[in-house]
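Two complexes are shown next, each including chain A; its partner changes from chain B in the first to chain C in the second.
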Partner chain A sequence: MTALSEAGSAISHGGGRAIRRSPYPGWFFLPAALVYGILFLAPTLASLYFSLTRWTLFNSTFIGLDNFAQFFREPFLVQGLVNTVIYAVVTSGLKVVLGMLLALLLTSAVMARGYLRSVVFFPVLVSTVGVGITFTVLMHPTQGMINEALALLGVKGPGWLVDPKLALLSVALVDVWKGVGLATVIYIAGIVAIPKDYYEAARIDGATKWQNFLYVTLPLSRPATATVITLSFIGGLRTFDLIWAMTRGGPGFSSDTIASVIYKQYQAGFYGLSTAGNVVLFILIAILVVPLTMLLNRRQGHE
Partner chain B sequence: MLNKTAKLLTGLAAGLLTVTALSGAAFAQSVNLTYLIPSGPENQVIADEVVKAFEAANPDINVDIETRPGGSEGDNLVKTRLATGAMADVFLYNSGSLFQAINPQQFLVDLTNEPWQADVQASFKPVVTAPDGTIRGAPARAAMAGGIYYNKKVYEELGLSVPKTWAEFMANNEKIKAAGKVAVIQTYGDTWTSQLFVLADFYNVQAKDPQFASRYTANEAKFATDPAALRGFEKLQETHDAGFFNEDFGAAKYDDGIRMLAAGEGAHYPMLSFATTALAQAYPDNIQDIGFFAQPGDEAELNGLTVWMPDGVYIAQTTPNLDAAKKLVAFIASPEGCDAQTRAGGASGPYLINGCTLPADVPPAVSDLLPYFAEGGQNGPALEFLSPIKGPALEQITVEVGSGIRPAADGAALYDEDVRKQAQQLGLPGW
Partner chain C sequence: MTKLSSRLIGLAAILVSAVVFLVPFIFIIITAFKDKQQAALLDFSWPNGFHLWSNLVEVVTTRNWMMVTAFINSTILTVASVTLLVIFAAMVGFVLARRKTRFNGLIEFLILAGLMIPPAVVPTIWLLQGIGLFGKLHGLILIEVAYGLPFSIILYRAFIATIPRELDEAAIIDGARPLDVFFRVILPLLWPVTVTNIVVQSVGVFNDFTNPLYYLPGNANATVQLTLYNFQSQFNTSYNLLFTNILLITIPPLLVFLFFNRHIVAGMTAGAVKG
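The block that comes next holds the complex of A and B.
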């Protein structure tokens, strides 16, 4: 018992340099390590290999980096990369802004607060594909409810999902509609956790509501902002289900994201090429998200 | 092993069901077959009728129909199920280039020496022949053509006649548009429907350049640089640029296209002739108003029809019930099988099995096909039956060209790139 507590204090005092002795024996980790190794490590390593081959599921020919060269040569694959970043930035940006605004509203003394909170959160619970199909019907250029409503106001609605300039943004808007509830909930938790003392101090200093928000709420909900940005940005980068349900990357290739491009290569039987695409996606997410999280967390530490 | 257990369990479950339903009638020796077909109402109706007739003739065999999605999603599913050894006993799938892409030599049962092969027409055999020269499938449906459906009532009203050249076709479209109707129906909500102007133009390509298919397979001819081949993409762009399409062409689906054609809202619908079945089922009152003609080329004397071979039925090598599966395939490739199909779906084109006949009162869309097949008529197979290569992204590219997003020449060049990927994947020489 004493030895154990001594070991414990050694860990807490030893700092980062000391070798940490786990209180559990090695075999204790074996099941988890096996599961992780078989289901995650091995496929990851295998996919690195297969991304260098022309693969038909039954046999593979080693072709070096040809798949990657192919991947970057094709105009619609590059467009997919650009679209992915646009989509991730638009959705996570809107989710931060709208989520914050909704959270402010729903933490204030608004009527029927509990009901409104559940209304905002409800779309998160609905199946993405269901949402996608519903909005595809609503956004039909001539028979969709959205454009019919606009027609009543005398406005000719655009072809939300058929206009190549609009399709990606339309899908992004639906993504925001569906995902903003989660951002709101995170923000509500963040705002509620801010101690009341700050607001009291601000009131004594004669702060306006706007100053309250700008100098108290906004900085102190930074952990929530970091979480929302990271989650929605990664979600936006690897988005697939909503785009596939609504446009399948169309019209043509105009709303393709990297995930839908990869899926189409897989559908077409280009297994090596689609694996290479997944490696690219992995690297892309790492390149964009690792610095982002570091940035968000560092600032948080300075507070 | 798992597979076997699963099959055993399904068999048991089915057996139990039979017991409860029929109080034990004839379940002791019954064999259960699975038959995988693409989804869709007309596929289902036809398969139901064929299976019903087959089960009546073979009371000891029970066939369960499974469905799969069509298009490239279905291609992927078929490939995956074959590769993982989980394919249904018998399945319906494309012939020609898509058949080559599922590795027939490795996965399909050799049917070269089946007695019914004697009655299969020679034109069909090459499109289900594996690279080693063995025949691995039987024709499952009627032959089809790619071309243009037209509404005869609209033609009568406006005093138009069936065009033999592209210029005449465009002139007709102009008059139809002036009369306030949709000249050309396009339905990019189902992307595959966008390919027709390009694919159905192949007779015209072949007429100008008889060696195109072999040069294309050998990486010598390209859509972007062969003027005859490029015409298909150009035709699509011309019809779009002239504003002949329905307003909602980007979102409309195949079913909408069928409806607009039947109702006379639209005059032309470029489509494969299998749509006759859907038309007859959904709009029996209008089926007499619908005709069909080959996609016009630039010269009247070269006018001819691009023909599609029917899908094949194949047996997966993993089947535990080879004898029963062979019986089912033999039935589908027999006159009784054709009759069952005609009973369920109506006649949609000529069958490729000797002894199969069409009823006397076929719809006009079918009788319009027959002159192209008769003496002096001109027809030729689509490119996907002459070459193993078909690029998988064609439908997205034709949506772009048909929507005015990408010019025809760009689209053709992009498609050449797509074709190269497919050829490399197939391991063809010269790529």
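The block that comes next holds the complex of A and C.
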């Protein structure tokens, strides 16, 4: 057996140079590279140029940074930018906290664990537009079930989606409702992977439950935290379908995000401006996510 | 911790989860059973008659059976793009994990870029028009493949790294050519991660709203998510029909969930935490 595998590795080493004989042919990259290169990379690179033009899809006139200047001059476009960041921070923050709490509950010996896991995870799989429409109805200011239930408790519910101050946060809450199951599942995996020895050592040192959580579970589930934050933060910055299904960016422009602005400019036929919005979103993601992942991973290295 | 207090926490969790997570779904179901007048009240009452069947018939037959076309389109879209994704991503993951060249760094950078960079929609439309794929189902299939590749490749690469190289080598000694090694030795071994990939991507593609909205305009090509969007304006006083539609398009993900519940959770975490 050893002889065989040695002979085998000799062949694969020898064949590495001669492309024809390699068992790992380079052309295996080809189908994926073609689709990805033509339909993703090429348009992305083209967007860098077209964002600098006035564009009708047939003709483009180079206008320099005018689109970007316009983007930052229009108050509602800037508000879209601010909203995008707020939305991403709120949703990923809540998903981290609630996901962690739910995972702690669901890894303990709580009853009906299987049922609870299923019920928390199922919304992840349901259509975002369907969820959006359902909650638009549930959040109706006078007839909606949420406010009717609050009225029973003697609280006057707010106009979730019609109050400009609240609309964005209401959509963010629905996003958390839909996505917290994924965060929970990632945390469950992270927590289950922590070796039991740590808890035993902590028990011998007389640690309380709270100390257990603070000094063992929390630091050791950092990889899971990094994953949850990165995933939900990028998702939050790019969010479109839920906003579009629930408020269309309204009332006014109070819940517009960059992605909904991009769609509106596209619909209005401002293709250059729409593409500039794309580039702004891309830069925003690069500025926020790259340092964030580096920070999360560096801390992890020190542990 | 006494037994009683942990019981109480459990009961509270079941109660809260029922209110927060089950009530919206029950609301969808009971509204789909109501007639137009009762559904318009938007309340959480018992349906005063069984109207699900007539609602279903109306949703399915409206606008020239658009719902049927949409289900066919969505099915073709999902099956085709997920099939291509599985094969293409597994091929890349296989060679990427096995063969170290100076291009590996570049390839991995491109994969990460694909996870982060939002697709540039208008240039993509322009490009699709140029190659004659705009507004066509196979254009959208290729789009879904392009956007899904990075995540699938990462899943496969991580998994292939755990399969011993000796297997490939033994197969080669037995006279297998590269294609045989991949399709007859490696691909079957990838089944667990393939199941995860199929589940995650098919749910994602089936539920995708944004890409069909941009790249597949027009009623003839509607996908199920677009029917919901189109019906939203048309049915805006017929909540019974709107919720029947939601119920109808939730059935496929529900079936996926029932069959693959365990795989989804296991596979997603394997990919997510390692990645």
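The definition used in the following text is that the second predicted complex is superposed on the first by the 270 of 303 C-alpha atoms of A that agree within 3 Å, B and C clash if a C-alpha of one lies under 4 Å from a C-alpha of the other, contacts with A are read in each partner's own complex, and residues count from 1 in each chain.
By our rule, contacts are C-beta pairs under 8 Å (C-beta built on N, C-alpha and C of every residue); 3 or more make two chains touch, one makes a residue touch a chain.
Computed from a predicted model, the values in this text were never measured in an experiment.
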item: Chain C versus chain B on the shared chain A, clash or fit after superposition; value: fit
item: Which superposed partner A:A207 touches (first chain B, second chain C, both, neither); value: neither
item: Partner chain(s) touched by A:Y266 [first = chain B, second = chain C, both, neither]; value: both
item: Partner chain(s) touched by A:L150 [first = chain B, second = chain C, both, neither]; value: neither
item: Contacts of A:V35 with chain B and chain C, given as first, second, both or neither; value: second
item: A:I194 touches, of chain B and chain C: first, second, both or neither?; value: neither
item: Which superposed partner A:L292 touches (first chain B, second chain C, both, neither); value: neither
item: Touching partner for A:P164 - first (chain B), second (chain C), both, neither; value: first
item: Most chain A residues touched (candidates chain B, chain C); value: C
item: Touched partner set for A:I186, first chain B, second chain C, both or neither; value: second
item: Touched partner set for A:S127, first chain B, second chain C, both or neither; value: second
item: Three-chain overlay, closest Cα atoms of chain B and chain C, distance in Å; value: 5
item: Chain B and chain C contact sites that coincide on chain A, given as residue numbers; value: 57, 140, 143, 266
item: Contact set on chain C toward chain A in their complex; value: 1, 6-7, 9-11, 13-14, 17-18, 20-25, 27-28, 41-44, 84, 87-89, 91-92, 94-96, 98-99, 107, 110, 114-129, 131, 142-143, 145-147, 149, 153, 165-166, 168-170, 172-173, 178, 181-182, 203, 206-207, 209-210, 213-214, 224-225, 228-229, 232, 239, 242-243, 246, 249-250, 253-254, 256-257, 261, 264-265, 268-270, 272-273, 275
item: Complex contact set, residues of chain A against chain B; value: 54, 56-58, 61, 70, 73-76, 140-143, 159, 161-164, 248-254, 264, 266-270, 273
item: Touch list for chain A against partner chain C, complex; value: 4-5, 7-9, 11-12, 16, 22-26, 28-29, 31-32, 35-36, 38-44, 46-47, 50, 55, 57, 105, 108-112, 115-123, 125-131, 133-135, 137-138, 140, 143-145, 148, 177, 182, 185-186, 188-190, 193, 209, 223-224, 227, 231, 234, 238, 240-241, 244-245, 259, 262-263, 266, 271, 274-275, 278-279, 281-282, 285-286, 289
item: Chain A-facing residues of chain B, complex; value: 72-73, 75-76, 79-80, 83, 101, 103, 106, 188, 191, 247-248, 250-251, 392-393, 396-397, 399-400, 403, 405-406, 414, 417, 421-422, 424-425, 427
